[in-house]
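Please read the structure below before turning to the comments.
As written, the chains take the letters A, B, C and D, and residue 1 is the first residue of each chain.
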Amino acid sequence: MRYRSPSEIMIGGSGRMARAATKWLDGSIVATRGVGWARKPRLHALSEAVQGKYHYTIGPYSDPVLYVQPGDRIRIETRDAFEGAIRTERDKPTKRLRMPFVNPQNGPIMIEGAEPGDALAVHIESMLPRGENPRGTCCMIPHFGALTGTTLTATLNPPLPELTRKVHVDEKQVRWSERVTLPYNPHIGTLSTSPEIDSISTLTPDSHGGNMDLPDMGPGSITYLPVRAEGARLFIGDAHACQGDGEVCGTAVEYASTTTIRVDVIKGWTLDWPRLEREDFIMTIGSARPLEDAARIAYRELVLWMEAEYGFDRWDAYMMLSQCGRVRLGNFVDPKYTVGAGILKKYLAPA
Amino acid sequence: MRYRSPSEIMIGGSGRMARAATKWLDGSIVATRGVGWARKPRLHALSEAVQGKYHYTIGPYSDPVLYVQPGDRIRIETRDAFEGAIRTERDKPTKRLRMPFVNPQNGPIMIEGAEPGDALAVHIESMLPRGENPRGTCCMIPHFGALTGTTLTATLNPPLPELTRKVHVDEKQVRWSERVTLPYNPHIGTLSTSPEIDSISTLTPDSHGGNMDLPDMGPGSITYLPVRAEGARLFIGDAHACQGDGEVCGTAVEYASTTTIRVDVIKGWTLDWPRLEREDFIMTIGSARPLEDAARIAYRELVLWMEAEYGFDRWDAYMMLSQCGRVRLGNFVDPKYTVGAGILKKYLAPA
Amino acid sequence: MRYRSPSEIMIGGSGRMARAATKWLDGSIVATRGVGWARKPRLHALSEAVQGKYHYTIGPYSDPVLYVQPGDRIRIETRDAFEGAIRTERDKPTKRLRMPFVNPQNGPIMIEGAEPGDALAVHIESMLPRGENPRGTCCMIPHFGALTGTTLTATLNPPLPELTRKVHVDEKQVRWSERVTLPYNPHIGTLSTSPEIDSISTLTPDSHGGNMDLPDMGPGSITYLPVRAEGARLFIGDAHACQGDGEVCGTAVEYASTTTIRVDVIKGWTLDWPRLEREDFIMTIGSARPLEDAARIAYRELVLWMEAEYGFDRWDAYMMLSQCGRVRLGNFVDPKYTVGAGILKKYLAPA
Amino acid sequence: MRYRSPSEIMIGGSGRMARAATKWLDGSIVATRGVGWARKPRLHALSEAVQGKYHYTIGPYSDPVLYVQPGDRIRIETRDAFEGAIRTERDKPTKRLRMPFVNPQNGPIMIEGAEPGDALAVHIESMLPRGENPRGTCCMIPHFGALTGTTLTATLNPPLPELTRKVHVDEKQVRWSERVTLPYNPHIGTLSTSPEIDSISTLTPDSHGGNMDLPDMGPGSITYLPVRAEGARLFIGDAHACQGDGEVCGTAVEYASTTTIRVDVIKGWTLDWPRLEREDFIMTIGSARPLEDAARIAYRELVLWMEAEYGFDRWDAYMMLSQCGRVRLGNFVDPKYTVGAGILKKYLAPA
């Protein structure tokens, strides 16, 4: 028998493509429970022109840019997290950006029939790079990132240097440096429904989704978000060509994308926190500080989900996850940190 | 091109065996720099009888049980974390255990020539179960675990139920329940050199190693620990037949093992925190509370290691790990939490 | 020489009255730098009727209820944090309240001439109880408070009991129980200017102020808040008849008040976080999780303030605060925790 | 009626003397329950010469230096936290100190009859400065303190400057600078009984006491510590001439003292964490990271104490502390942070 090294845990998206296999989708949660999945999807284009003004908060106070039906497909032109302001390696973030006007989001997209208490399903079908190369941007921004004092972990130390890296991104790879080429492993950093009354910075992840920065949220994933406002009010943006666990320096390879999603509504599926499904696993997502609270939220949601929908006794689920649960650190640089807790679907099969 | 799902990140040890492939070892750090690796190893047996009294603190005040040479092999009979006191599912931890006498350790083993400022290398060659089945034990212990108030995260809520699970463990699988069988994914939960003057509970991980609970620390891994006392004073114990990321309920599938290791000394390699090497990746390990501090330590150590020994500019390493670093949550239940930060070796290759 | 016991540190507001002495005000920061302090104040009444709908988020999207000049006085009818829904000890919060519609705020009040980059000064002149006794309400709300698992510190423990306490409050005392009478120590729990684009739950403190729950913020205090929107957009509410450090069970003695404030504008005084002044001390205020980050923010702000405006070398200030800085824990129950760091004015006097 | 400003909370030890009033002691816990308090105390001298080698860990492995009876008095010559190695402002800590050999402790002192499950009472009677002026030392040590990245809150920022301040200390005042004179507010930074089997760095506070850095622990205080080893094994050291809440730069005004204590034993009073009594209040002490866990521990202990010994219903105590509990931040710079939660004795009086 072949020995499979634990390094496979760490391979991440190596070799991932921009477009995901789709066969498993027929057995997915959204296919089983979504009100519109069986319909022939209508395609909507949310180009830069249609979007017009991008958004820097997620909330109920902005004007919808698109109305769609459950099961529809939307092709979206996302801008990079710096809204294109960082064009060369000489562009300094502190010169080119003005807080809080960063991490621009497309939307809000209204999904017909989505009401508070429902769940919105967002299947990411594909993510393609837009614009001229070098399209990818990574920055070290003073007082931002995991290995520096920040505005919240307040210190008196001198800041780290401010640096910009521009990198070639195509559908196969990210040319990080002369020395290192990384696989193209695209995912959406920020995906949200609207809170009921708050309007939250696009930099912050929370129970409505937001800036979760989970590498799992790429093509082939379905994210389930709690609906808390009529029409769900979907926001999306912050495409990453690749990202390490934790997004340690504060930014991924940020790029402008054409992202195609399919949306649907699951009636009466009331979620406290976002969930994610892929071919092989399900995941719950928590965002909080300190980091252990994000992990606690994620695991508690997973225990309760296994109890509610997969026929496990609560304590059996808890003890079993202590043996086979898997954790993804999304970010530990944003105003709240994000952790995903997952379990392979094969362990959820009925006896 | 085949699409590789992110779920591979989550597969963990599925299909792992108790004995690891060894060819890659020839190019490992210990093979290159260890003073004894080229020697023909002498085999030592550290049976229960030879060990006699097991230890509940890691420090300089206990009597050595074994003296070995760099490059030697040791076959160790570890006891489970409950020291065998939990024999049936009716045995309650609060009845059978008395704190702080848990997590018994073999050792201290003295490695000749190991001096403060050196690193001790511990290659885990194999881990085999000992004793009669059901050999594996998992407990929910009141006020212990990640999803409960604890002695430190002090609350007034009623405790969770106290539960014991006994499970069949063999060299291939862990029969968790009628419904779920998990792969045998053995690893060492607690591995330590001695601090200089402190004698630390075996429950606590810190910069000397300790109760890290990292699933990566199984057969096929080499752990590098800082030497802070003459002879290194190696302690080892706490075998797990499998464990999920974070060890969420507080315990893994704890079992008694026969674990075979090979040890060596790297002179003058002064480590601040433990490091780990496997065929495909290197990893740095931090233990602290809150959890983000454990992750900060791990990533900082990795940045500085890449700078010092792999020819990376510090900020290039930092920004690159933001794209390809991988994080393993060891535990978030012990007195300190443990995080490993890793990078695939292929990204470390010279230009 | 009389020995003064450290218990004086702990006496809190014993003997405090609803109306503060005012002579020291002539030398206060607002008196020296406010554009309207020398004016004869005009009195505005912000009664319940004038207010109409109270607010549950702090932001730029709500309609102003009052326009005032710098230096004006405003008499405000605040509602209690439960908006009067908890009338008897049989009223359960989970039955009577619907999240996120709690902690109602008066405002927004527009202050003429206040522009982004300025500071808004809010001097609390007096706080008088409104309504019939027992006016005061304290609740234990499930999954809320410092000594229970919460929605963020997620656990699986059973919740604490849900309890309501109604207490007599007058201008001198709070009759907590047959056994214990506490001094009336009124303060404002939630005081805010508007963020630039976010609209933040009134439960959350942050750099704009918000739900800080600082017992120091009562009559005799001047709070300085950063102006980030035209007119400052002042929100105020959440009166407490008394509160312990940390607000450990989650709620203070919440009551409806008639609170009289005087407001002013300090042009070009750009604050990153709120500040507070009383007769004897100045204080900086940080809100974050984990709690050490709130304390870090507060102390960093205080060091930088001493350097910028009181003629201290930065490191002298830092080391000196290590000898004489005083910390107030506002709350450690809200979505962010609040800490004030202060220094006695006598230590700020020029050499 | 005079308005008493909240600044009284912040006055700290202004005007405190080195010797405390003693009348209230007759009604203290130790006077009521201590086995030796009624005895005429015998005085023991624990001079530098008697002590010999000072200790850098707290544990059961060191040789006793003194045997005393319950109720005895001990006059102790403590060394400063740098063991006198920092003599001038040109002495750099990194040059003069070698970790972990800092914070030297007197002891262990054996108290006859103290057994595991008892409490040890330590009444600090007086603290007088020793040695030539400038006797006081305060240092900024690289990567240590609250407003800098540290070995645990690991960052890549450049360190703060390394600075030493020598200050005149006498029984009345601390001459901090030309500009600022602070009151002499002496207290013991580190006070411990021995853990059962661990031997813990003197830098770390925990449930056995340790490096708590609480300004309340000066003359006039009685600290109650859990006995976990035969004879209690009392360690004491780390005198501070004054200290701000949190000890923000990492060090207080460290000095060598002659500290006189009286010790006693309360049989069968089994404490989980240290407690403190002064004339006006009682306090419970928690040490942990993150800081909120230290506060949780302290408040939980206080609730349970009020329930067990003062006749309060548990939930009444919890809700009442939310109105009148007071918090002292000891340190947020040590390996664990320390918080005291207190209540005035007058609120504990029977109905």
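As a working rule, a residue touches a chain if its C-beta (ideal position, glycine included) is under 8 Å from a C-beta of that chain, and two chains touch if they have at least 3 such contacts.
Predicted, not measured: the structure shown is a model, and the values here were computed from it.
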Which chain pair shares more contacting C-beta pairs: A-B, or B-D?
A-B
If you match contact pairs by residue number, which of A-D, A-C or C-D shares over half of them with B-C?
A-D
From the C-alpha centre of subunit B to that of subunit D, how far is it in Å?
36
Could you work out how far the Cα centre of subunit A sits from that of subunit D, in whole Å?
48
Based only on mean CA positions, could you tell me how far subunit A sits from subunit B in angstrom?
32
Two or more other chains touching the same residue: where does that happen in subunit B?
147, 153-156, 160, 289-290, 296, 299-300, 303, 318
Using the touch definition from the top, list the residues of subunit B that touch subunit D in their complex.
56-57, 59, 61, 100, 151-156, 196-201, 272, 286, 288-290, 293, 296-297, 299-301, 303, 314, 318
Using the touch rule from the top, collect the residues of subunit B that touch subunit A in their complex.
1-17, 19-21, 138, 140, 145-147, 160-161, 163, 165, 174, 176-180, 182, 215-216, 218, 220-221, 242-253, 278-281, 289-292, 295-296, 299-300, 303, 315-316, 318-329, 332, 337, 341-342, 344, 347, 349-351
Which positions of subunit B touch subunit C when the two form their complex?
147-149, 153-160, 290
